[in-house]
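In the two complexes below, subunit A is the common chain; its partner is subunit B in one and subunit C in the other.
What follows is the complex of A and B.
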């Protein structure tokens, strides 16, 4: 009979044996590859990724585990995995390329993988943007380009046609607001606010950092011009609530039938189509009266940015080679094509051939997406992406600068001086020690 | 071979189990040893879960540590840099305003609620249980509901006010910097109120009825009884509750993060949210730790004085 003492002796002996041997018995050992990613706004994308991951696992006899978390949780998850030097093998990185600089010493060099992927897919879109300190520390994975989503029925109602410049959109917003349908762009602590306000800055010829990545260039007449424009946009064409908007607010504003236009990826349209949202008070589907046009042009340029979602391998990963192998598999043209199709074009890869994917011709809504992708640059543009440039985004310095002026809290000079000082501090504190 | 113990006795070979059992019983026989044994788990728990992270965060705040790098000693550089930052100075102001107003509201309404609960005779348990709900529901969840109530587009608060013709346009609860601060204070007060009310209620129950009867026979009215009997006898409880709440309120994160993310224009950033933005989002652990430790010396002073006051007021003369 097994009594308590006997049981304890046997189990303790077994546990000690495992400890002495330094691992589980060989029979229990299988190779496992783990991947941490974020939940996509178009869930079919995740399903396709999971399918590819499991498919690759079955072919290579590797156990795979895909963990999908909300994108807001990724920040803490990355930091804690690096701090503990343990966690997943593959990880989603971003938004932005800043993680490559921030976690430079903790990511595996992917020069070989990037070089293998490029020729099969017609090359990377803007290769130099993705090299951080001259190295491929991550692979740019997908971006949701930012076109302008507009209600065509309202546009017709106010007698406007083909608005293209930021000034056009101000006029449209003004007329729209007069009939209860304001223009909507976030100006608070949200990623969308960073994107749209940076787009406006660049379109007016301004930028916050120079090409050298050191000179803070925000104090310029071009920034003043952009700020005066945004103040007019805020007071004449928008509702004051935009300073408290999060990333989903503009989607809600469009789909609730309130906003005449929003600067946003096609996610609002996708959810309106999926949920068959109606224009309030009618039987008309809102997706039928939404159109997407190119990101606006300013007096100097047409340029925008977006969330650059990336993928990388931690250098403390247990299976670096397997992880690289999966990346090569996932970035094969046919797998990429299937993945883009599953995402209905929301997840555009940074690979030239994929910008010509048939999905962008399948619906007239997507026709401008490749155009927008062409003028999309990293948020640090024209400077390189660094941990400092990433922090300017994380602390929402640009939206706060615009909002402080637009809401009348500060004069244009005060707001610029405020931002200049904050950005200077961030860049000074981030100087690398070599 | 013989083994000799220190006093010269020949050691007897006993089975290991027997010796251990006797040693243990000898050890357990001593009162102090038992006390230490029982305190040990809590002590080690505190050492590893509180003292270690605390010392580590002090080190971080004095270093240029980044995520994944231990960093090197930089003295008070992090603190000096913070003081130069407008966002940090704003955060400091916000934290003080947020904590003091929320504490004041929680004390006033908590006391009122405790007095009311004290008088409730029917459904006592049910009502007392229900009052605790805001404190029990996970803050992240309940704050999401508040966010939905104040959210600019679908705010039910605005909808109700407009339907009742109290206002004719939307009130910018979250977009307006001052209203946003008001909203986060409101939610914090709502959440912290039960803690005040239930603890003060426990204090109220403990006050002997004779005191009130004596005061009444001396001609004290309800106000007099409150000021001269209830308040002085509740003081120690009140001081402890305020002390705990001050620490919790100052360290609040969830409410601000969910409602405003520190916006609009950094007008609702608190130490925890700003520290999160710097330390975890920006990977500057040193700076982040400096933000969260900034108030530590002041807080230490507050705790010290308050505990002294508590001790003084509990010694009856």
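What follows is the complex of A and C.
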């Protein structure tokens, strides 16, 4: 006979037992490897990754599960898995290398895997960039390089050819805006704004932190020059709405037939091709009149950055060795080659041999991608990647500094002083914490 | 004469009822209309900045609905949302009734402050709770199952249901319960046979709110469930149809349109109960 007290005692005892034991009792143990990644910008990439994962699982008699989420959700998911110390074995990390510092104590050292992968693929592109506190806490996985996407028909209409420098693009943008086709680059809180505005800073010889990763270097004549240039770009060549743009806005502007050029990976072109979007008022496909050229050069340098997407293994993973084994398999040259091909070159690995993949010659739109990759550096450049540098990105300090000056809310000195104070506080706070 | 009276009645309701209500109806229905129009437009028209955003000029397409049905697991997500929302609603309303009754009827030390405490619990945002809850879900071994959601949704639904039902139960005269007790009912029988039948509008109102909150929930669903086939609709649509800087607007709006249907249907069926349930406490 089960009475009320007995029922309460049994159920409370059972629940407490489960909580104390730290998990439900294991009835049968099977080898399972789980992988959390983000939905790729080119869906075929996910299909190829899944194929490789399942293929590896079948060969090694391991049950595999690939979970895909939108990249905007990754931050929340990582935080909850670290808090619970449970979740997937392998996880996508990023954008940026900052996760390696932020989750330094929760990630497995991958020195051995990185050393195995490099010789088979001609070495890592810029090996020292990826070492965080001297260790491989993650493997740089892929980046979408940022060329300049331009409407060739409009370029011809305004009598311009082969723009190469930021000043060239300002001129093109001015002429374009005069005929209703402005230049477009985000200046709000978005990843694209961080990328393009950092690119302009570096191209003018400025940076926000010095090589030592401690000295805040944003208050410089070079930053002033870059800011004056962006103010001209904003007022003379762009529409005011760019300060409210998100990452999708410049794609939409180009594919809607409005923008003459945008600084963006090839995703806008790929979606225009897929959706057969037409130039407004014509039967001409817009993908046919888009071209991609190198990321612009400034008076000092040609340099850019992008989202550094990485992969790592949690140290609370149930199957660390299996996870390492899959990484070795996925980073085999053949598998990398198939994966890059599936992504139409959008997902460029940080491996030297892969920058010479035939896919970059398969479509003239992709020809500059390897060139752009060569001049792509982590967003903290020339300083090392740290949790603080990641925070500068996440808080959009650089876009805010440029926007406040460009829109006339602050003078150039006020905007720089504001950004300098913010960055100093971020770096000081992090130094105290670690 | 009678024709004139009827015309004057008609015009009076036009000016005193329909015209004043029209802006509110427009304001409430506009998002639904915009969702529907966007879900039926071709991509080329969606991208065209010169096209009229609120009208379909270049032909209707069902391609976005096809994309949802064929290229994603939308209908599995839909079923998951139904299962989780119904289960969480039933559990929460039952617990809410059992909690609200003593708080509304019985006199015991701290009853009032307990009621306030429940209300304050409802105010703790899920964005604070999801981190500690993820530890609890993991320890219970419920990660990556729909049970994780069925167990965690009541954390925000029960306080709300309890608080709403407390107010409703207090509007029911005590005397009818006392009569039932004189006739031999115990407390539980009184609740079941006397109070609940009278309090149906309040219970339906609480259930509708709980179902809506569960149906729209995003954060716990994202954090506690990862496998594609177990996602709920809110997370599944977001995961599949936002790929970096490419937003599949047509598909997203098609998902939103289909997703809003169960809520619309539920409110249409129970509107009268819902209104009386909400307003009952106002004129005790």
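By our rule, the second predicted complex is superposed on the first by the 403 of 434 C-alpha atoms of A that agree within 3 Å, B and C clash if a C-alpha of one lies under 4 Å from a C-alpha of the other, contacts with A are read in each partner's own complex, and residues count from 1 in each chain.
Heads up, the rule we're going with is that a residue touches a chain if its C-beta (ideal position, glycine included) is under 8 Å from a C-beta of that chain, and two chains touch if they have at least 3 such contacts.
This structure is a prediction, so every number in the text was calculated from the model and none was measured.
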Which superposed partner A:391 touches (first subunit B, second subunit C, both, neither): first
Subunit B versus subunit C as contact partner of A:79, first or second or both or neither: both
Which of subunit B and subunit C A:407 touches, first, second, both or neither: first
Touched partner set for A:422, first subunit B, second subunit C, both or neither: first
First, second, both or neither for A:252, with subunit B first and subunit C second: both
First (subunit B), second (subunit C), both or neither touched by A:69: second
Where subunit A meets both subunit C and subunit B, residue numbers: 76, 79, 83, 85, 252, 256, 258
Contact set on subunit C toward subunit A in their complex: 43-44, 47-50, 130-132, 134-141, 143, 219, 222-224, 226-228, 235, 238-240, 242-247
Footprint of subunit C on subunit A - complex, ascending: 15, 18-19, 22-24, 34, 36, 39-43, 65, 67-73, 76-77, 79-81, 83-88, 144, 192, 247-248, 250-252, 255-258, 264-265, 267-268, 271, 275-278, 280
For the subunit B and subunit A complex, residues of the former touching the latter: 66-69, 81, 84-87, 151-154, 170, 172, 174-177, 180, 260-266, 277-278, 280-284, 287
Of all residues in subunit A, those that touch subunit B in their complex: 75-76, 78-79, 82-83, 85, 102-103, 105-106, 188-190, 239-246, 249, 252-253, 256, 258, 387, 390-391, 394-396, 400, 403-404, 407, 409, 418, 421-422, 425, 429
